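In structure tokens below, several structures.
Shared chain: chain A. Partners: chain B in the first complex, chain C in the second.
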Partner chain A sequence: MKLSTTREALSAQLQAVTRVASTHTAVLALSGVQLHAAAGTVELRATDLEVGLRVPLEATPERDGDVVLPARLLLDVVRSLPSDAVTLELRAAEQDVEITSGGAVFHIRTLRAEDFPPLPEAPGDSTVSVPARAFVDTVQTVARAASRDETRPVLTGILVSASGRELQMVATDSYRLSVKRTELEEALEGSFEANVPARALQELARLAQGGEDRLTVGVGANQIVFQVGGAVLSSRLIDGQFPNYRQLVPESFDHELKLAGDEFTEVVRRISLLAQKNAPLRLAFVEGEVTVSAQTPDVGEARETVPVPYSGEPLEIGFNPDFLRDGLESLGGGDVVLKLINPLRPGLIEGADGSGFLYLIMPIRLNV
Partner chain B sequence: MEGRRVIAHLDLDAFYASVELLRDPSLRGQPVIVSGSGPRAVVTTCTYEARAFGVHSAMPASQARRLCPQAVVIRPDFPAYREASRGVWEIVRAHVETVEQAGLDEGYLDLSDLVAPKAAMRRLVGEIRARTGLSASVGIGPNKLVAKIASDCEKPAGLVALSREMACERFAGASPRLLPGIGPKTAERLEGMGIRTIADLRARPEAQLREAFGERHGHDLARRARFEHDGEVAPVRETKSQSSETTFDVDVADRAEQVRVLDRLAADLCERLARRELRGRTVGIKVRLDDWTTVTRARTLDHATNELDSVRAIARELLHAYDPPRPVRLLGVRVAAFEGGAPAQDGAPQLRLSV
Partner chain C sequence: MRLIVARCEVRYTGRLTAVLPEALRLVMVKSDGSVMVHADTGGYKPSNWMTAPTVIEETPDGMVVRKLRGEDRLEIRIAEVVSDSEHDMGEAAALEKDGVEAHLQEALAAAPEWCGEGFRLVRREWPTDIGPVDLMCRDSEDGWIAVEIKRIGTIEAVEQLTRYLERIRRDPAMADCRGILAAQCVKPQARVLADSRGIAWVEVDLDVLRGEREPDLTLFA
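Take a look at the complex of A and B:
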């Protein structure tokens, strides 16, 4: 294998695949990036066996072949190269790759190419093309509610369903539930539903920043393949039944308050600064106003009262400040409707404009 | 009282050793001992071939090797045992609604609603064997006590059903130590009173036992001797306490060294408690001296804790107060009396959606 390329092109693409390469693995090759030169094109590939990514590299291949190099080290080296022109060449006898740029020469030992698994091909016929912007926005709205706790794998995914003119994603870590329904401008040709690791979708969102118009989705029995621009991202699907989120949302609420989203979010952000070490953020509602307060022992306390259209018996409810803020920020401004029942039942945040966004959040029981 | 109670105790035969045999069939027919390798390691379990040489679980590994030098000794692999155990209890739960798992390899089943409990257990044991390759023994009785003892009667692969009266008769001549809850200390004191068998114990007026052992323990001994017990089959075992203990390779007389180990155990324990979001109000220590005298000391606080600073401070105080008079063989730290209810975050429990 031999190729020449530019430092900028190589480091940009390496950065993308390095995020996918495994960071802790018994199989060393999985911490590597594979450079694949064939038929006049060059591709960079990485996988941790759950998520796999292939991105094209703008380069001039002079000799075909495959090599696997340590991803992290290669990225650091490429970023530091003195000149924009870079050549990489496999030296088979030495089992290393020579990287030259300006006057700098690096020899980096290759990893065992046989240990590097083949990545899924780009999706074939049974694919659905979806608008990239809408897809990515929807991912970013719900992704924060996905669980990072590997003991319940089913909750580490985002349930994605697409059909007709509707794209819907759901995520929950059991403390909150985030649902976003996005209406598409045109109906999709085809439909799918899959529980996709949130990690893979967040990676896809980064890849789609390039401004591609559409992305292609192919769903198999246990894996999903996305194609955006020249990049192909594949991921294992998560086994098991995603919770039936509809039955988690109470049918009716006792209080329904319309708030100015940005203003309320600012109050929550401010007061949360004093809700440290798992201390709850307290919302105390009385006729016509709410007092948001927080207190951390040995650190301090904060409070702020704002007018709200509340009426009825006083109600005080506690929330994890991060969870509440995530919900408000996901809504992204505009008026917010906050719905409550009592201090031990879930609260609901919705957009007032029929934004198709719903965020259910469980309270923290207050010791009062 | 509602209808008759029928309870089964299911006990997997030589469980850890059987898992090892499944993994390595060439060990079949040989004496196999599962134990750690330190100088103070004890036998975790052994195959029936090893038992024939007098080896039994909890025996020092060194003694076991003397009794049966040809035995194959295997280090325990708990992840593998947990995995195998999960498979078995899944099968059990598919057939029986109320199951109280009491360990990886044993548990109680409430069969009160079954028409033919013994036949159902025979089928269950058959299915466990067919699907996991593991053999189990089952005891059936009117309560957990009789069930537990019955399961041990004809191991391995035993299936014994006893009424309370049959149990009284069958074990009349057995040592009181057969009864769970009667350990070497109690047995010794009973012997001092001239009680050598379960029948002796049953014949003794309860008042005498109460006088010797206190109201509750005395009453309990009398009931056990009659094989009476009314514990429910409780599907979930509540965590009552958590502890961390270690046996030294060489007895330790140096107080500074004892404190160092105590600190390490406390740190270990607090980390475990924090992970499970448990806080307890009672902090205790356990000290075993080189002559096997075992002493526990505990203090109850007015608030629950899992903070290392307070657990460590109390454990140290308890150790200094007891002032071990002889070299120490084992040290332990324990936290009990957990806060009730949902897991807590600094006393403010985060509620969850039922997903």
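Take a look at the complex of A and C:
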């Protein structure tokens, strides 16, 4: 294998695939990036066996072939090259790849190409084409609520449903639930529902930042494949029953308050600075106002009172500051509707403009 | 236990040869025949030692300790004795489990449902011929469940429970006995190994078990 390319092109594409390459693996090849040159094209590939990514590289292949190189090291080397023109050539006898750029020459030992698994091709005929912007925005709205706890794998995914003119995504880590319904301008030709690892969708969101109009989705029995531009991202689907989120949303709430979203988010951000070491953020509602406060022993305390249209018996409720902020930030500005029942029942955050977003959040018990 | 503080030189011969030059040291001779030579530095580990069973021979120069079988030999040449005393240590008490582990066992025995829905305790310290398993429970369908309790759930804990289960399942009446590792924190490697062996695991919070702290509020279990 031999190819010529530019430092800029190689570095940009390497950055994308390196994120997918495995960082903790017994199979060394999975920590690598595969350079695949064939039929006049070059592709970079990486996988950690859960998520796989293939991206095209603008390059001139002079000799076909495959090599696997340590992803992180290759990225660091390429970023540091002195000249824009880069040549990579496999030296089979030495079992390394020679990288030359300007006067710099690197020899990097290859990883076992046989250990690098084949990645799925681009989705075939049974695919659904969805608007990329709407898909990415929906992912970014709910992704923060997905769990990072690998002991409950079903919660590490985002339940994606697409049908007709509706795209819906749901994520929950059992402490909060995020649901976003996006109405599409045109009806989709086809439909699908799948629990996709949040990590894969966040990676897809990064890939789609390039301004592609549409992305293609192909769903198999245990795998989903996305194509955006020339990149193909594949991911295994998550097994298991996703929680029945519809029954988690209380039918009625005792208090419903319309708040200025940006202003309230800023208050929460500010006061949260003093809610450290798992300390809750306290919201004390009395007639016409709410006092947001936090206290961390040995660190300090903060409080801020803002007017809100609250009426009724005083109510004090505690939330995880990060979770509350996530919910408010996911709305992306505009007026917010905050619905509450009591200090031990979930609160609901919605956009006042009927944006199709709802965020259900469990409180934290307050000892005092 | 004999404790000798002496200026001595120690020579070991056997799988290799090692010499501790003459210096002030503590020689511990235990009643089970093991001998350890300690310096005042170097942490808990002896500078040299010989594990039991040994043959100890007193000589005019000091003592020679030999392994009952093999070529290992520890020769202690004593130049000056500072102190030589013998103490009757009595019956040794067994090692007690650390506080958290013992408290976890106590709390889970009182509330075995934290290990699984519908669990009820049959016995604490259920005996097997290689040692007792912490809890033996039955589930709602009368199935047997052996629960091993640790502060930190490690691969070794999974191995230990695997060994217990192998012994317990020899009894045809308990051939379907399941295993659960209960710990305050189960290490990722232990989770993988437990899953691969069909052993369940559960993380429990002692403060919650004791009722000192309410469990976190969640939208669903």
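Heads up, the rule we're going with is that the second predicted complex is superposed on the first by the 368 of 368 C-alpha atoms of A that agree within 3 Å, B and C clash if a C-alpha of one lies under 4 Å from a C-alpha of the other, contacts with A are read in each partner's own complex, and residues count from 1 in each chain.
Keep this in mind: a residue touches a chain if its C-beta (ideal position, glycine included) is under 8 Å from a C-beta of that chain, and two chains touch if they have at least 3 such contacts.
This structure is a prediction, so every number in the text was calculated from the model and none was measured.
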Simultaneous placement of chain C and chain B on chain A, clash or fit: clash
Chain B versus chain C as contact partner of A:R54, first or second or both or neither: neither
Which partner, chain B or chain C, touches more chain A residues: B
Touched partner set for A:A279, first chain B, second chain C, both or neither: first
Touching partner for A:L366 - first (chain B), second (chain C), both, neither: first
Partner chain(s) touched by A:P346 [first = chain B, second = chain C, both, neither]: both
Touched partner set for A:T151, first chain B, second chain C, both or neither: second
Chain B versus chain C as contact partner of A:S174, first or second or both or neither: both
Which of chain B and chain C A:R199 touches, first, second, both or neither: neither
When the two complexes are fitted on chain A, the stretch of chain B hitting chain C, from 76-84, 112-120 or 184-192: 76-84
On chain A, positions contacted by chain B and by chain C: 172, 174-177, 243, 248, 344, 346, 360, 362-365
Residue numbers on chain C that touch chain A, as the complex places them: 188, 191, 203, 214, 216-221
Touching residues on chain A, where the partner in the complex is chain B: 155, 172, 174-177, 243, 245, 248, 277-280, 318, 320, 344, 346, 360, 362-367
Residues of chain A touching chain C in the complex: 150-151, 172, 174-177, 243, 248, 344, 346, 360, 362-365
Interfacial residue positions of chain B with respect to chain A in the complex: 342, 345-355
